[in-house]
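There are two complexes below, and they share chain A, which is joined by chain B in the first and by chain C in the second.
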Partner chain A sequence: METFIQVIVNGVLQSGIYMITTIGLAIAVGIVTIINLSHGEFLMIGAFIGYLFYQILGIDPLISIVLAGMIVFFLGVVTYEVSMKKVLFTPEINQLILTFGISIFLHNLAKILAGAKPSFSLHPEPAYSKAWNINLIGDAKLGIGISVAKFIIFIVALGIVIGLFYILKNTKIGKSMRAVEQNRYGASVVGVNVVNTFRIAFGISVALAASAGVMLCIVVSIDPHMGFGYTLKAFAIIMMAGLGNLKGVLWASLTMGIIESAVGTYVPGGTGWSDGVFFLIILIVLIVKPEGLFKK
Partner chain B sequence: MLELKNIDAYYGLVQALWDISIKVEKQTIVSIVGANGAGKTTIMRIISGIIKSKKGQVFFDGEDITNKESHKIVNRGIAHVPEGRQIFPHMSVYENLEMGAIFRDEAKSVMADTIDYVYTLFPRLKERTKQLAGTMSGGERQMLAIGRALMAKPKLLLIDEPSLGLAPSLVIDVFKAVKEVLKQGVTVLLVEQNVQKSLKLASRGYVLDNGRITLSGTGKELLENPHMKAAYLGH
Partner chain C sequence: MKIETKKQTEKIFMIGGGALILLFPLLASGLQGTSYFLTIGKHIFLYATFALAWDMLARTGQVSFAHPAFFGLGAYFSAILFKKYAVMGLIPSMIVSLILCMAIAFALGIVTLRLKGLYFAIATLAFTLVMQTVATQLDGVTNGTAGITLPVILGQNDYAIYYFFVIFMGAIIFLSEYVQRSKYHYSFTAIRSNEEVAKVVGIDIVKDKVLIFTVSSGIAALLGMFYAYTSNFIDPASTFNLEIGTMGLAIAVLGGLYSTIGPIIGGFILVVLQEVLSNIVDTGYMLVYGLVIILVILFLPKGVVGLWNHIAEKKKSS
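Moving on to the complex of A and B:
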């Protein structure tokens, strides 16, 4: 029983990172209409910003979540201006080649900069990198452990999600983004500055990935190769949620987080399998319900 | 108020408009009629900055607005009711209307009043204020598209094929609304395939054929023109 609860708790806590990574990618795909294969590399950049700021400047990674978000927002705007802009509305293959190229470039650049060291983790660990042990129903045998860091990260991720939905609903740029997503022609005729909306949406998209990256550097060891797996997972979650369904992304992230945690625990040699399960589920979703599992 | 001078336009390499010159006087309805594919919608898109012209100029209130970005053109007071409505399907009626106002500085501050005005013009929209626009009928969407454009407090309203796909009773409603808008001091440029109805309403009309203006005159003149009668009015 406590294993089961532990599995759910771990899955839920993990899903926060998936939520903001994937909502970021969903903004690129749905609003900017860019299939961004380099999304995970922006996450990786965020992770290294968090790591370096902590090791060199002593900045708490929780603060770096915001800082990395801002830095990578501008990086995203620049990337959009010099490259993405040129492949909008051209055949998708152009986008795929471009963004795949950016992915390889950033990945290898990170590899060169990282040198021989295979992976990086925060040293010393921040004070909140410990676990709470909670005894259910006052019985010491039914105890589960909650990592304080993961819990904080989950709450921050939820905060970011709520903030983002607030922006989409209530601000001019948020409304512009929704308008462009729902009807680009309609957006132009009411006076939305579509070009500027694309630029900012892309910045927000990769900033979210970077924030997720900083969260990851707190709880796992990071490396230059970490990005691509998250790109794939984020695409998988988008497919599960249904294209253009941001709220569905939340539920799909939660589902995936829990399934991943369950497979990692219950299947022998499970941690190796848990990544693969993502794609097995996507395959099933695409066959059974290709429009996505969650109502818009 | 609006003047197009010798406009040429292309879609890629294909020329769609040749030497289009049109004049719209203040507080009148001007109608452009012509067959499908004649280039009527292209003219509207040139004016509102959705596509760029290769040659020629567009003047609005004495200023050259040729090939300006569409959001700047909206801000100057030209609102476009595009062909096919182009409403925002996952936003409510109210939100759609709001979208019409918030991108024009002059319109934003008086939004509440304009919404009341749109609701009196189209009581149907008031009843459905919270409904998602994507779930509405064609006629309601057309009302919403016109209402959304009015939210910008435009000086000039471009209306593209408002009657397309509507039941006859709704067509009457829509044309009534257009007349009502004119009374409020808004100038209207109307593109319609319903030649008879739109020329009756218009003080001036242009006939577009294969991207060229072949005929122009007052609405009445055009309705009585023998060539028009034969080609468009089925007499």
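Moving on to the complex of A and C:
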């Protein structure tokens, strides 16, 4: 029973990072209509910004979540201006190939810059990198452990999600984004600056990935190869939720986080399988119910 | 006139390139390090053929990331049957492996190719990663990361291996040209430009896509086997390798998508470039692949072949 609760807790805490990464990607796919295979590379960049700011400048990663978000927002706008913009109205295959090329480029650039060191983790660990032990029935052996850092990250992620939904619902840029998503021609007729909306939406999209990256650098060791896996996981979650279903992304992230955690715990040699299972789920969802599992 | 120039260009390439390919071993035998040059040749033909197979599917507008999976599956099915359990000879194991791979491709195609291109791309990417995980984790059958050591075919003769890959590439070039001249060329182009219109004019979209996906994946599987039996050793990292898929994609894009000659030219340029670069830098030469993909898609969407045709046309009209 304790193991089961521990599995659920770990899965839920992990899902916060999936939520903001995936909502970011969902904005790129849904609003800008860019199928961005380089999304995870921006997460990787965010992770390294968080790491470097902490190691060199001593800035707490929790603050870097905002800083990295802002830096990568501008990086995203530049990327959009010099490349993505030009393939917006070309066949899908061009978008896939271009963003895949950007992914290869960024990830190998990071690999060259990182040099021989295979992975990086914060040293010394921030003060909140410890675990609470909670005893359920007063027996010390049967407790569950909650990582404080993971808990904080989950709360911050939820805060970002709520803030984002607020922006989408109530602000001018948020309303423009929703209008463009529904009908970009109609939106431009009623005076929405579509070009500018695309630019900002793409910036927000990758900034969310970068924030998730900073969160990751607190709790796991990071490396130049980490991005692509997250691109795929984010696509997996989008497909599970159904394209264009932002709220569904939250449920799908939660489901995927818990499944991953369960496979890692219950299946022998589990951690090796858990990524594979993740992708197996994408295949199954695509085959059985390609419109997504969650109601819009 | 456009068609004439194109034909002329192709003729020049075919005759000149063909002669160079066939005579190269004779020229190289005078040089020091002959086997090094012949191995580069083998790599060029391997990757060019891989890219050509990938391009044949791309002609329908589908980006497949499953080709590395079939490359790996082809190598592993055959290696397991022939070497690990030694239940059959080399050639039968290759035939069984090819049949298995094409059956898997057929099944995967049936379920994923009725979806939009994005779904197909992600599903094939997922497929490759699942297969990679399975090959690594099922170490009882596959030896896991320890890999399988294999005998080298053709008596380890570099010349024979070189010509073997040349012949296979030639066969796939013929297949690709046959497809280009058949009714499928029109069907694929229509599907790529606009699926709805293609459907209206009576093209069975799913059937045509599944057919070419199965054939194209089968070629990747064969290449995986040839790679396995000419490299002495396979493991999951070297066969179920997304980088192979990246190279195939970059080669086809650089040379020129939707053509036979494009991937072949792209293969020559990129493999030689990679050889040169990997002598200069240790890691990250894949950076160049990324850069090539980005620049070509943005500035030269028809690739080197398109550029060549463009220049040739300008010359003629002036």
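Heads up, the rule we're going with is that the second predicted complex is superposed on the first by the 293 of 296 C-alpha atoms of A that agree within 3 Å, B and C clash if a C-alpha of one lies under 4 Å from a C-alpha of the other, contacts with A are read in each partner's own complex, and residues count from 1 in each chain.
We take it that a contact is a pair of C-beta atoms (placed from the backbone, for glycine too) under 8 Å apart; a residue touches a chain by one contact, two chains touch by 3 or more.
If you're wondering where the values come from, they're calculated on a predicted model, not measured in any experiment.
Touch counts on chain A: comparing chain C and chain B, the chain ahead is C. In the superposed pair of complexes, A:L96 makes contact with chain C only, with no contact to chain B. Look at A:Q182: by the touch rule set out above, it reaches chain B but stays clear of chain C. Of the two partner chains placed by the overlay, neither chain B nor chain C lies in contact with A:S121.
Touch criterion met: A:N193 reaches chain B, while chain C stays clear of it.
On chain A, the surface touched by chain B in one complex and the surface touched by chain C in the other have no residue in common. For chain A in complex with chain B, the residues that touch the partner chain are 172, 175, 178-179, 182-183, 185-195, 296. Considering their complex, residues 29, 35, 83, 86-87, 90-94, 96-98, 100-109, 111-112, 228, 232, 235-236, 239, 269, 272-273, 275-276, 279-280, 282-283, 286-287, 290 of chain A touch chain C. Those residues of chain B whose C-beta lies close enough to touch chain A in the complex are 48-50, 69-71, 74-75, 79-82, 85-91, 95, 98-100, 102-104, 148-149, 152.
Those residues of chain C that touch chain A in the shared complex are 58, 61-63, 111-112, 115-119, 121-123, 125-127, 129-130, 132-134, 136-137, 192-193, 242, 246, 249-250, 253, 281, 283-287, 289-294, 297-298, 301.
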